[in-house]
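Take a look at the structure below.
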Amino acid sequence: MGIDLEELYKDLHAHPELSFQEVRTAGIVAGHLDGLGFQVHRNIGKTGVAGVLRNGEGPVVMLRADMDALPVKEATGLDYASTAMGVDHQGLEVPVMHACGHDVHVTCLIGAVEELVRTQQDWHGTLIAIFQPAEEFGGGADTMVKDGLYDRIPKPEVVLGQHVAPVPAGWFGLRSGVAMASADSLNITLHGRGGHGSRPETTVDPVLMAAAATIRLQGVVAREIAASDSAVVTVGQLHAGTKNNIIPETATLGLSIRSFSEPTREKVLAAVERIVRSEAAASGAAREPDFNYEERFPLTVNDDAAAQRVDAAFREKFGAGQVIDPGPVSGSEDVGMLATAAGAPLVFWFLGGIEPHYAKEFAESGRLPEDVPSNHSPYFAPVIQPTLTLGTEALVTAAREFLA
Amino acid sequence: MGIDLEELYKDLHAHPELSFQEVRTAGIVAGHLDGLGFQVHRNIGKTGVAGVLRNGEGPVVMLRADMDALPVKEATGLDYASTAMGVDHQGLEVPVMHACGHDVHVTCLIGAVEELVRTQQDWHGTLIAIFQPAEEFGGGADTMVKDGLYDRIPKPEVVLGQHVAPVPAGWFGLRSGVAMASADSLNITLHGRGGHGSRPETTVDPVLMAAAATIRLQGVVAREIAASDSAVVTVGQLHAGTKNNIIPETATLGLSIRSFSEPTREKVLAAVERIVRSEAAASGAAREPDFNYEERFPLTVNDDAAAQRVDAAFREKFGAGQVIDPGPVSGSEDVGMLATAAGAPLVFWFLGGIEPHYAKEFAESGRLPEDVPSNHSPYFAPVIQPTLTLGTEALVTAAREFLA
Amino acid sequence: MGIDLEELYKDLHAHPELSFQEVRTAGIVAGHLDGLGFQVHRNIGKTGVAGVLRNGEGPVVMLRADMDALPVKEATGLDYASTAMGVDHQGLEVPVMHACGHDVHVTCLIGAVEELVRTQQDWHGTLIAIFQPAEEFGGGADTMVKDGLYDRIPKPEVVLGQHVAPVPAGWFGLRSGVAMASADSLNITLHGRGGHGSRPETTVDPVLMAAAATIRLQGVVAREIAASDSAVVTVGQLHAGTKNNIIPETATLGLSIRSFSEPTREKVLAAVERIVRSEAAASGAAREPDFNYEERFPLTVNDDAAAQRVDAAFREKFGAGQVIDPGPVSGSEDVGMLATAAGAPLVFWFLGGIEPHYAKEFAESGRLPEDVPSNHSPYFAPVIQPTLTLGTEALVTAAREFLA
Amino acid sequence: MGIDLEELYKDLHAHPELSFQEVRTAGIVAGHLDGLGFQVHRNIGKTGVAGVLRNGEGPVVMLRADMDALPVKEATGLDYASTAMGVDHQGLEVPVMHACGHDVHVTCLIGAVEELVRTQQDWHGTLIAIFQPAEEFGGGADTMVKDGLYDRIPKPEVVLGQHVAPVPAGWFGLRSGVAMASADSLNITLHGRGGHGSRPETTVDPVLMAAAATIRLQGVVAREIAASDSAVVTVGQLHAGTKNNIIPETATLGLSIRSFSEPTREKVLAAVERIVRSEAAASGAAREPDFNYEERFPLTVNDDAAAQRVDAAFREKFGAGQVIDPGPVSGSEDVGMLATAAGAPLVFWFLGGIEPHYAKEFAESGRLPEDVPSNHSPYFAPVIQPTLTLGTEALVTAAREFLA
């Protein structure tokens, strides 16, 4: 029987959809869940899908995948590469790509529920499959919860999920406690005074202001965070101007900020605001910058006891040497919101997705070559196998650890 | 009889058109020229219009106005403010505004030809009115010449034109020799390596690279140009990134560069390239930046003898104290190409367009308050009168100086 | 009997000596060792002192303190504050201060050997007290070893030492494995071209070059080191120019670089060189920068088994809650060279030296207020008690753990 | 008869003296003046010398030379190069060099007074020779005036002087009106918070603060001064730190600022203070920077009528083509204070001092190759002849223009 997971994966990869626009993807997964006998809830949190399969008495276990893609122009050269365009939340037409591997997550979760249905005589309980929108942007998990997710489906007793990572296929990364950083997304508008490009003395140049702020922000991590602590301050967007010979009125900065504790987060945000305000003052800006905080990702914290159960199950299934503690990871996730809202423990792990021939180098050095593309790169291309098979088995293994 | 110049001005102001898209404006001016008895040539250099009026034997005198507007969002609050949108040369939809005052130029030239027609018994010769497209962007004068302008109309014996300027209405700025800077427009693409915003160590951050280059470019004018010389290096555009948590592959800089001699121009361009290449190297970029030179404006050089004739005529007409030497101006123009291609002398002057109540302060200090908006500002709003009347009279006066 | 440790401490604090100039300090400690019955070796590694006390058969245990002070102008306002001046290795006269607390180390080691002598009927073995010069600058441990330390005294079976730290007195910091960073000290000379301050266009400004390099170096830690790794790049010195209106020929940078593994160290050093070379190129320097590596501190790595013994002994002596794992510390030490050269395990710990009234805040948050001065600050002032008593007891306790 | 000017020049060059320390030089010139029959006043304004020669009724004409050298380490390789050391005003021992050519000025003035004495039957009036100290630093002219110069000697009716310049020997630069910039010397102390180099998070790094300020100051000239105006902002000194692994408490900047009008001067100074304060704020400094203004040089303004007389005399003597208008020069002088205090007109000109083989290139391009060292460079080496002869003749010619 069965769904051809490789075909499904290539199809999803070739048809990526931006956050809260995962209509085609949601339709596909809902169709599969329906075909497998799940009770299917559509359009929870705009485009989210929840499937519930009751299989006798027993624990309620949630498996979660995220569905959305990114505004990145794919450059992998794969024959199933995306050429899709989308319209982002600002109304701009942009290229779209599964540059973060959510297509892997969706495919593996479809594979896992199919396998769990196939073997449902071996376990008891309630299986929930969540296909979440907008993990990248917009707070999809939070939106599903606020849209009444737990009014429609049972609250899980454990939430399980995974993310494909730049680690050789065959390895899994799992740890107790803080697993991923908190993330804040901050948009800043710097106000200058526009004018003709030949007469800067009549203006307050916001391009220089933005450049100076960007440069100065490097000092936050370099000088204000202890070597024993960690943070990341990325200026992912800088936009100013419409014409080379016009000095514009404003410039905008888009920051992504990571930290691993609330005091450090507050320290970093305060330093960012201090620096940006000061650079506006250095330029002689008449108006203070605007700071607009967008979505925030909480710390992703794995439950100790539950994580140790999954860890033991993975070691038995895949080999003890294949499960590593990656340390706290600087990426962020909103999967934790599904667990927190249910009062349930979370276990979230990393699934290796890089060509296995890097395994030896990785095992020896703990590193991959610098030119291996990581998530969000236009060259990010997980190897299809054994990634899909192992990702499917991991979800099944973890779910079976909790299902009676 | 008569065209209501103020109504014409407000109409043009409310309906600005981007470079080479001046279809509506060209239609209006061609209609007026036609009605005044001119032989009208349309669509020279895409949207350019030339009108020829033969009025017996005598000199051939060209009056020139430029028609295009800018991708600026008007913020004047005027009741005739523009709300127009346009599509720029990159295909982006942008707001459009007559932020450089070309609507003043068009209106005054219509007024001037009307007056010269009305008084045509007083002079002899051939009057040419040129309504040029794309002064701001794309080389409209050059395009008209290359499209066979002087195959269709007689070559002028003098080329006359004006630009509204942030000087109180009532004043004119005129000088012999170098009147305006040469301008180069340079687009630079900086190549980094993209990746996830939380893992900068896997990337080469092009946002930081672009910011560092922008900061470092300030040193060209500050350190490499003598106090006795002049140049302007403006980064009018800086664009990078599509999402706060993605480090992009590339960043683009758009520069406008002004200089007043060829050796200085070459020195500045070499310094800009040296700095940008070095900042890419500082970031560890694997690929050199791309440098793409767009349109170039030549030096605008007024003919000594012809300029002195206009200067004398203006002093007599408007008062000796009302004509000042503004020194070489850092703005640029392509009007000189119309003269150079005809082998004719050029006289190009500045027309005051700011509220006359600043006159006293300006007369005493030679300056205006810093908050008076200059050309290309979204707040740029020439005072309608006496600007339109004086701009019309200036064209008539200069033309009559040369017409027999 | 007994030495008044508080008096000794205040005397040492008021009479600090720069690296390899610890003549007065060495004289004092040699006198005490002599008085206590030690066999005393002077002038090992210039100003170093080694004392050996043989007390029957048994293990050879080395206790080590460092003696040198820093070129810092004391600003504590203490009544025993230093007003001393010294001549640094460049021949400049500079103020000198025990801003790193080596006076605490010396005092506690004198206290410890006195106590061990007093109780020498309770243990057997050979006790070695090392008073090392030049920990701060110049490689004092390496110099002692190369000067034949282990030809003159027995090789130890364990090396023990401590450093006073900005942690409330009463706490100890101790960990197995990597305890402190490796440190590289790098001096860079940037070559510009000098000239008159009013004519920068005739020069290559090395001040701007140095400033740009310093700014750009912040990107090494901020962008090139993973959140899961650590490094510190400090520009501790920047010197350029002799007169405001002369643009100098050169500028010098003095860097201190910390890392916790050899691959990261190599990555950081390569990035530093890449950036500095590129900034010289951005300025159009005719000559490449010079890079001169000074002393290097190795990683300080505690032996697992020996560290666990000391940890257990401390928990029993001072209370389990008083011993914390501070994680790898970004400071550096050369004490490890004494152990490595002897093939002996090392145990090196941190001794709290801040007013105990911060204890509650520290216990709850793991932090101290930002205005508590840390080592190398001109305001650094360890609280005398209980610091001296606890530092003495710690050395005695650790030594007794190994002495039979 | 006669003084060997070349020998005198080489001797002065080999024995340079810092500002207000020109004891040897003053002794030499006073000896010559004495021998020539002048009434000699020594020690006016510390080390200044004034010589008065009354030669019948007639105008009082002052010739002025400055005597001091610079803290620059000579690198010319000349056989009469300086190896002198001096102690600067901060008490530091520094190398000293006549890097600004004041030795040329002194020599030519000795030659001129000798010639004027030799030919004194041809003129009538009073000749004053001023050998001024401390032109570079400390306000030597002002100090002479305040020390009662004009109580001791007659007030001149014209003040004449010259400066050797990087122009081929044979040329003179002379203009009416603004001849040289005003100059302000500004010392800034930036206050951070010191600490250990490995723990920047406990500090406020003043090195980064100073570097950021230096970088940002480039924007003053690059963005805030019109292309039609001029200013120079040079950071000639930046000093911070005593040891690579200590983050210091403070950093100091030494600025030299040039401008050509009082409004521009005020604008620049305000921008400098605004930027430096803002960069301190960006670093989170607890204390505002200190701004200490040192000596100020006024604008050097030549009297129109007197300058035209000298100009005519030079054209007749040296050839019309050899006298050029260099425009306002960005260097500064305090010679004007001698004229202002006397209420007398000033004429100050530039004397070419570069090898004459550059004459053709200079005549054609108005420039010299970039590698020709300019004043204040350690390689600055005026060609001895014809510089000394022409400089002597220029002073004689100008003086004779005014002496009856």
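Should a chain be cited, it is by its letter among A, B, C and D, assigned in written order, with residues numbered from 1 in that chain.
Simple rule for what comes next: contacts are C-beta pairs under 8 Å (C-beta built on N, C-alpha and C of every residue); 3 or more make two chains touch, one makes a residue touch a chain.
Keep in mind it's a predicted model, so treat the numbers as computed, not measured.
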Remaining touching clusters (ignoring subunit B, no chains moved): one piece
Far-end chain from subunit A, centres as C-alpha averages: D
Computed distance of Cα centres, subunit B from subunit A, in Å: 48
Distance between the centres, which are taken as Cα means, of subunit C and subunit A, whole angstrom: 43
For subunit B paired with subunit C, centre-to-centre distance based on mean C-alpha positions, whole Å: 64
Where subunit A touches two or more other chains, by residue: 181, 198-200, 203, 205, 208, 212, 215, 218-219, 222-223, 226-227, 232, 258, 329-330
Parts of subunit C lying in touch with subunit A, wherever the complex brings them together: 181, 215, 217-223, 226-228, 230-233, 258, 260, 263, 326-330, 365, 367
In the complex, subunit D residues that touch subunit C: 70-72, 75, 88, 94, 99-100, 136-137, 166, 181, 183, 185-187, 193-200, 202-203, 205, 207-208, 210-212, 214-215, 218, 232, 234-249, 251, 254-256, 258, 294, 329-332, 370, 373-378
Interface residues, subunit C side, partner subunit B - complex: 198-201, 203, 205, 208, 212, 215-216, 219, 222-227, 229, 271, 274-275, 277-279, 281-284
